[in-house]
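Next come two complexes built around subunit A: one with subunit B, the other with subunit C.
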Partner chain A sequence: MAIVMQDIKKQYAGTSAPVMEHFDLTIEEGSFTVLLGPSGCGKTTALRMIAGLEEVTGGRIFIDENDVTDVDPGERNIAMVFQNYAIYPHMTVRGNIEFGLKNYQIDKEEINERVNYVLDMTGLSEYADRKPSQLSGGQRQRVALARAISKSPKAFLMDEPLSNLDAKLRIQMRTDMIQLYNRLKCTFIYVTHDQTEAMTMGTDIVVLYKGMIQQHGTPQEVYNNPSNLFVAQFIGDPGMNALRLSDGGYVGFQPRLAQFGKSENGLNLQGTVLTNEFMGHDCMITVDIGCGSIVMRRRETRKVGEQVSLFIPQENLFYFDADQNRTGTVQTGEVVSVFHVDD
Partner chain B sequence: MSTIDQIDFRTFRKLELKQHGRAYKILNGALKNPYVLIAPAVIIALGTTVFALIFCIAMSFMKWDLIWGTIEFVGFYNYKYIFTDTLFLTSLRNTIVFMVVAVFIGLALKVVVGVFLNKNKPGHNLVQTIMFTPYIIATVAIATIFRYMMQPTSGVFNLILSTLGLPTSDWYLGAQTALMSLAFITIWQGMGYGVLIVVSGLRSIPDYVYEAARLDKSSKPNTFFRITVPLLSPTLFYLLVTSSVAAFTTFDIVAMMTDGGPGTSTYMLAYYVYMQGIRFMHYGRAMAASVVLLLITASLSVANFALAGKKVHYQ
Partner chain C sequence: MTDIYKKSLLKKKNPLVWKIAECVILAFLFILFVLPFYYMIISSFKSTVEAMRNPPVWWPAQFLWGNFADAWKGANFTKYGWNSIVISTCVVFTCLACSVPCAFAFGRMEFKLKKPLFAIILSDMMIPVQCVFLPLFILFSKLGWLNTYGSMILLFTYSGATIFFIRNAFMQVNNEVLEAARLDGASELTVMYRVTFPMVKPVVVTMALMAFLRRWNDYFWNLSLTTNDRVRTLPYAIQALNAATDGALPRWEVTMAGATMLMAPMLIAYIFANKQIKNAFIYSGIK
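Our next item is the complex of A and B:
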């Protein structure tokens, strides 16, 4: 089901400026859309407005072409998984799942059937009669997922559901989540600040910054073809290096595409190695180029303190105009400084 | 190095004991003994409560004549006496009625007001401050004020009732209404404290639980009874235990306002103990009655833990 946010404005009571204005977003039916951005960018607010937990100040929200702007969260045919799981601490695992189903006045037999089905699906059958306090973080997260699945909603809304888990479990749950999506084939809207999660799980990524959509595209599009400097620097591990030029524009390049050596056709830089972090497959090397430091990821290493020459081939350079928007025209001028969007 | 070692070091520096001297070794050994460290607390606890308790139980089997200074063992005589004393039985009945009313109506009111205040944040602090005030006023002062306000002919209570065209009451001066008047004052007095506890209990319930309930299409009453009340249950249980014990040992409001009257309509156990012991000098009977009072309050707490305690959800 398609979800449409139309000209949304949101301003919290007692604040002078809206957190978002003229916000338009269309989420395709059956997509795994990730709302990605740094904290305070409005991604959670957007999700909560879709859920109905947050009122909109202006604009309309449509789910399946129905205007749900003033519809209660329970009537929107959606399910939500919260960052802190939000399971009822006083109910058993089974009770947690049943609670919502009972409110929807589904008959007893079907409730039982559904509960057993989702318990089985999430591997929680043997924990059905346990209280949340007797479960691990990962198991609690699965309870929250089971509760969401049991309602067979048209869309799943997830607010950083993996961020409270430890690193290993997070990767495991990431895979589980993708399998779940492939199995259920319904709309997923997923909020995260972790670009790796966004890239690995999403079919669509919406990059948000300061309450505005910076880019909406597939993971490949936002990675290979960032529409502005913010997206370029936010996506990637780490994101692009950007150099401010004396003529007002910017030039950017991905850390993996910078090479040691010199070249006629490309951008040449010189500097001193500051740090050299071994990452397994390759190394993350920070190089001080005089007007700041840039990051590169290479398999070959250099010693800390070593003077190095490096270049980026012309075809791997991304140009941005003075407004930090992507441009096809080659920007010229001397390198003035190393630039970070959040500075 | 444990913290105890560090404390030792400073202590001995003050005492100017040589670190390897004999006194050092003895003191050092003693201070590392946990029983030595808890001794002060244990001595105070034994002296103030355990000794008093044992003394009370022992004296309830004695006839103690203060004038002649004789103490005589009388077995269960005192218990036999009080259980055949109509005044004691009336006191017991009054106390139970008073407790049930003061505790349950009080608790319900505290929850209602607590929920209301928790939702209405702007007026919350002011209202809570006003409501808490009676709790810090001495019961003596409260009793005096209410004697004026509840005065049937000139009190403000009846004045308001008659102005509104409602039936008036004899309040604490009527045999039928006196006990309930005292219960009313007790509830009013404990309201601020109870509401404070309820509000802090409500605050400890995270918002996301309510958000999950909204997404689960839970109606407001359903959310209240299936989410709020169970999650508030440790708080309610605490209030239940403490306020029922407090209600059972009510004394000052009786002594200040009614002296157990009119007739014996507000005679309660703690007041009975006081009258037997201090007024009539029947120490044995007073001790026996207080042992009964102790047993009732203890079993009340045990019953609370056994019955209500099972339904409490500690997070």
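Our next item is the complex of A and C:
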């Protein structure tokens, strides 16, 4: 048991409602846990509370069974990597890494040893004496990582560390980060709103929405077995299509599992192609089905304006009850409208 | 209907007319600000007659360097200059030593009564010194601090404007950098001096220069907190040059030579710190 948040409440001063209440989360030791959710869902707040940068209004936080709720950030034995790198602009790369170690009054030889080790590990040895302004975005983020690694922390906390990098570099850093995790095998807590990052990197995903945990599971569980409509629509590229039924329930299906044509056994829909976006491997096709539009991902293309019939096999349909929670019961109502959780 | 979208929002302007107008305005402002300085410097080379002549003489017939020697001797530059240097330098250190932590607290820390306390500091910038002259005089008099370096230094140690500008600079430091330092185990004092202080250095240097300048040029307190010459500074001595003519014609050229010498160190400092000062004023954030 590495990190436990117990019955956490968080309310900012001057606001009438808490952003988080009765929040319980256990992060297993050695896991790569991703806190995933849209803006304002409380994922960064949760991370900052673990770091000690944000005070909790109620509840306790434990790291390795020690209550750290009132412990200073610097005493929690954790390291954090920020979105904007947060490296010290007036210090060299070496200075940035040394700064933390000096504060812990480690002797000089050990500092040198640690700094050289992390510089080598992150491929920054030749940049050791440069200032951050002379480095690229990717290198700056590596400095932030090196600084974190040098402290040998119990856990690494990362707040959207890749969001400032361009698409290509992001994929590269993602791979680097996975390798780093495999090498260090210590607890990683990673905040992102990018579900692709979450799926590719995490061993555990915690999906958050409106300050509440919607689902906590492996990427496979969250993708293949969403516990409610929010998770179903948030996970996936794009997320699940959902249709509101006349009996109050919902039926959902993943874009890549909708097929052109008709079938006896499944959900049949008809509509007009609105857009057809070429994605390389396949196409993202938006179809207007009269009561809204749904998205499909298919390798075959259709022209804009074309009338199409499509079906989703029965085994690929997901059912949700009126409270938007997953249900095993087949809902039989008529399709009323297309539904999006944030509507 | 679509025509309106084709119309560019950029208005055509006549670049030449605009440029000429710009040059005229800038030239006028340049003359307005530089002329007094030119007149002061050029007058310090004139003869007594030239210095008094109306209409004014813009270029002396002969450059009399001896005026500077007369001013140096007449105003006892060695003695008053020493007082000026000691007091002004001390003011820089005491003022920054008080203002930087104070600005950090107001800019980066949360505490009770922060807003009203800061309002009090700001309000100080709006009160003319003459209003507080009497209570301060009485205070220093009761403390027995009249005619001391202490009173001259202490009075300029507190500066609302310095706190205000450094606070603004501290506020622009990215919060994540401070948080990273706290996570790196740094105390608030370390965060302030080792992390944020180097990032606001241009502003601090400018404020140091301002503090020095304020004290260096001060005449009012120089006169009101002293009753003898022991701790008085240069502005008083320069003024005295003009008064000590014993009925003869006032030697304006000597006074001007004194004023030029008084201004010279400041001018040199400005030339060297020019970039820092500009940075301080356009300071808009740190990447």
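By definition in this document, the second predicted complex is superposed on the first by the 342 of 343 C-alpha atoms of A that agree within 3 Å, B and C clash if a C-alpha of one lies under 4 Å from a C-alpha of the other, contacts with A are read in each partner's own complex, and residues count from 1 in each chain.
Note that in this section a residue touches a chain if its C-beta (ideal position, glycine included) is under 8 Å from a C-beta of that chain, and two chains touch if they have at least 3 such contacts.
This one's a predicted model, so the numbers in the text were calculated from it and none came from an experiment.
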{"item": "Clash-or-fit label for the pair subunit B, subunit C on subunit A", "value": "clash"}
{"item": "Touched partner set for A:51, first subunit B, second subunit C, both or neither", "value": "both"}
{"item": "Partner chain(s) touched by A:210 [first = subunit B, second = subunit C, both, neither]", "value": "neither"}
{"item": "Common interface residues of subunit A - those touching subunit B in one complex and subunit C in the other", "value": "51-53, 72-75, 78-80, 82, 84, 86-90, 99-100, 103-104, 133"}
{"item": "Interfacial residue positions of subunit A with respect to subunit C in the complex", "value": "51-53, 72-75, 78-80, 82-84, 86-90, 99-100, 103-104, 133, 144, 147, 151"}
{"item": "Touching residues (chain side subunit C, partner subunit A) in the complex", "value": "174, 176-177, 179-187, 190, 194-195, 198-199, 286-287"}
{"item": "Subunit A to subunit B touching residues, read off their complex", "value": "51-53, 72-75, 78-80, 82, 84, 86-90, 99-100, 103-104, 133"}
{"item": "Parts of subunit B lying in touch with subunit A, wherever the complex brings them together", "value": "206, 208-209, 211-219, 222, 226-227, 230-231, 233, 313, 315"}
